[in-house]
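What follows is a group of structures, each given as structure tokens.
Common to both upcoming complexes is chain A, partnered first by chain B, then by chain C.
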Partner chain A sequence: MIRNKLPAVLLAVACLSPVAAWAQTDTVKGIERYRELLADGNPAELWEARGEDLWKQKRGPKMASLESCNLGKGPGVVKGVYAELPRYFKDTDRVMDLESRLLHCMTGIQGLDGEAIKRTAFGAGTNRSDMEALVAYVTSQSKGVRMRVPTSHPKEKQAYAMGEKVFFYRGGPHDFACATCHGESGKRIRLQDLPNLLDRKDAQRAYTTWPAYRVSQGELRTFQWRLFDCFRQQRFPALEFGSDASIALTAFLAKNANGAAFNAPAIKR
Partner chain B sequence: MADPMRIRATVKDGKVDVRLLMSHEMETGQRKDARGELVPAWFIQNVTATYGGRTVLSAQWGPSISKNPYLNFRFSGAKLGEKISVTWTDNKGDKRTDEATITAG
Partner chain C sequence: MKNHGKLFAMAGLVLALAPAAGAADRAEVKVGDAEAMREMFRGFSPRGQADLSRLRQDDMQKFCSTKGWEKQKVQVKQLEKEQLALIKYPADGRLMGDWRNGERIAQTGVGMQFSDAQGSTAGGNCYACHQLARAEVSFGTIGPSLQNFGKTRGNTEANQRYAYGKIYNPQAYSACSNMPRFGHGGILTEQQIKDLTALLLDPDSPVNK
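The block that comes next holds the complex of A and B.
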């Protein structure tokens, strides 16, 4: 017992060290090492497997599979599609991200209730989300693919510009914008380093590691959830699932990650 | 019924490396829900891995194991292309068995 206590005492002393910068980099290294250790055996794989099943299964009132769903590269193609989303879709005449496009297919092709899907878009324990599983499967098929989000169509340009506006828009009881926390390097919440989303490297690393399995929640979270939760932390009105604002902000952040290899579903604390 | 496990088994120099993920809530029985009521304990109690009718791993688990647990173990004496089978049983009596073919490592 005495032998076990010694390192704990040393650690406590180390934490009191006045060299804050040293403690900070050490924490960052600690978190990185934690992620590394968890990377093998990422439970996101369980979501990917369930999502693949859901993709291929004949479901809904129309008893159809999603294999005729066009995510941008033709009906049924999932390989590499996430690296080019959000993008403009001719059939709906709007820019869509993966989640809103899946919602479009699930309601259109399978005849499922869109409002019900939106209500259960974020899973909690035994109330599981089919959306999160499908996103896990589709995004896993883009692992290693370079981000190439298009902005050639006028509506894509418009979405990007709108997303940029949302990013800098200050409001809510705290007078916060996304940029308040994510517009400068070296910011953090508690011990979590916050990516500066205006910095190319940071933006690439942040975007290409979502969706992710959140260990603290035991759930796989999609990019729509990431934005939803940022809005909640800003004390903004709830961000509606698949809304134009959410897609525009995704388009802005996704495009800024262009050129980097997609590397998710990842794992986060 | 519970979701299937994800099992990967690779063999190198006669040693098999088994990595598996299980889908389970693993409730400790200590947590309270939004209404302040205790969430009943619900966790995997027994894990058994068998190869060719021989038990190669037998474990008793408790509520301190994480949600969606990951397990990594090694054993020797298995051949390429043969199957390993893993079974878990939880405290509600729910059970799940999955198999995987051993591939080259």
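The block that comes next holds the complex of A and C.
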């Protein structure tokens, strides 16, 4: 993508720094070891357990549980649903991801305040997010299931195509797009490896490991959060929770991960 | 396949009534630039210093967001020419600042996120993408290594002008580069860009040691 006019000699010079390379490999190895140690007893399980309670409890002004919520495979079915989301829902005539669908059920079935749910969608310490807990529970029920995001409905095709446009959309003072950091293989920001989300293998590894418990934040983060925080760093305004743009981008990325076994909630730095 | 013919005929009828939904019935769904921009404006809300005007693309952003831009050789040349004309060089004619400040600017990445304090000084975050001083092993690889930049090229006035211009507006030298237009985008001040130019070219800078 980038055409660099800096001479090749600079690249040759870069290869002559074994000390730096060694130190980096060591750091990366250390991070990997840390991750392995943490994978046993992932704190995400606490979110999953709370999410299961929230799913089954009778709550809200309508005193109803979410067990009549249809996430795509029929009312109350949670097993394997996340591997086929986002998808088109006939009742709303919209392509929806898990978060927007849960929002739809929480407001419709339970009568909860949608704006309040959006405001608290990302938890912070004692201000816990019911959304994050519910997402943790539902996604945990797709562990090991192969990603099979559909694009048979015209609106699913439309969402995928729109998601691709959003991915390449450059804007803001820094001219950044998703593709700036996630459009080439083998790149890093500082020491952080960047997945190339246009490459099948990278896209599969990245998408199937969200949501994740973020050690640095002590929170479980959903895919909506992942996108929201990427756009913050892109210097864009705030991504609206559950907006069509966010769902389209998710559809694009999720579909690119098709064929891989879903493996989340995961644990990340 | 014959059934598909009928389906398409029906879709054609529907299409006449509902063009937005009908468009998706084609095998290849295409989303136009204007449609994408509308979706972006609907999908974001202003927060802190980041208002929705940040989603309005200029010509460069629009062009570089389209698939296959690199094949449009004439437009690529034109874009570089236009962007070159946008570079404002310092009025005092001096291009080299202090490499010590430059190193600090290269290290820090804060500024202009909606989570950053409005009016706070932004950094260049050069190390996020480039290797620079040998001592800094935590560097990214989205951009090329700049280690020994001055040592290799020479601290000439032409190279100072190139380095300053490249930081101010990389699109002038390499259309659709991933690098931000630090001067043109109002991210860094003239003095900060001078300091970074010194970081790259000053013989005493750790980049050239």
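In the analysis below, the second predicted complex is superposed on the first by the 243 of 269 C-alpha atoms of A that agree within 3 Å, B and C clash if a C-alpha of one lies under 4 Å from a C-alpha of the other, contacts with A are read in each partner's own complex, and residues count from 1 in each chain.
Just so it is clear, a contact is a pair of C-beta atoms (placed from the backbone, for glycine too) under 8 Å apart; a residue touches a chain by one contact, two chains touch by 3 or more.
Values in this document were obtained by computation on a predicted structure and should not be read as measured data.
S.K.: Given the touch rule stated above, what does A:Gly125 touch, chain B (first), chain C (second), both, or neither?
M.R.: After superposition on chain A, A:Gly125 lies in contact with chain B alone.
S.K.: Let me test your reading of the model: by the given contact rule, A:Arg232 touches which partner, first (chain B), second (chain C), both or neither?
M.R.: Second partner only.
S.K.: Per the contact definition in the header, classify A:Gly218: touching chain B only (first), chain C only (second), both, or neither.
M.R.: After superposition on chain A, A:Gly218 lies in contact with chain B alone.
S.K.: Applying the touch criterion given at the start, work out whether A:Pro43 contacts chain B, chain C, both or neither, answering first, second, both or neither.
M.R.: The answer is first: A:Pro43 touches chain B but not chain C.
S.K.: In the superposed model, which partner reaches more residues of chain A, chain B or chain C?
M.R.: Per-residue touch count on chain A favours C.
S.K.: If you lay the two complexes on top of each other, which residues of chain A touch chain B in one and chain C in the other?
M.R.: Comparing the two interfaces on chain A, one with chain B and one with chain C, no residues are shared.
S.K.: Taking the complex as given, what residues does chain C use to touch chain A?
M.R.: Against chain A, chain C makes touches at 21, 23-25, 29-31, 33, 35-36, 39-40, 42-47, 50-52, 54-57, 60-61, 64-67, 70, 112-115, 127-129, 131, 134, 137-149, 152, 171, 173-178, 180-181, 185-187.
S.K.: Would you mind writing out the residues of chain A in touch with chain C in their complex?
M.R.: For this pair, the touching residues of chain A are 1-7, 9-11, 13-14, 17, 19-20, 23-24, 27, 154-155, 157-158, 160-162, 164-166, 168-177, 180-181, 184, 186-192, 194, 231-233, 235-240, 243-246, 248.
S.K.: Sort out for me which residues of chain B touch chain A in the complex.
M.R.: Those in contact with chain A are residues 3-4, 6, 19, 21, 23, 25, 66-68, 70, 72.
S.K.: Within their complex, state which residues of chain A touch chain B.
M.R.: 40-41, 43, 45-46, 49-50, 125-126, 215, 218
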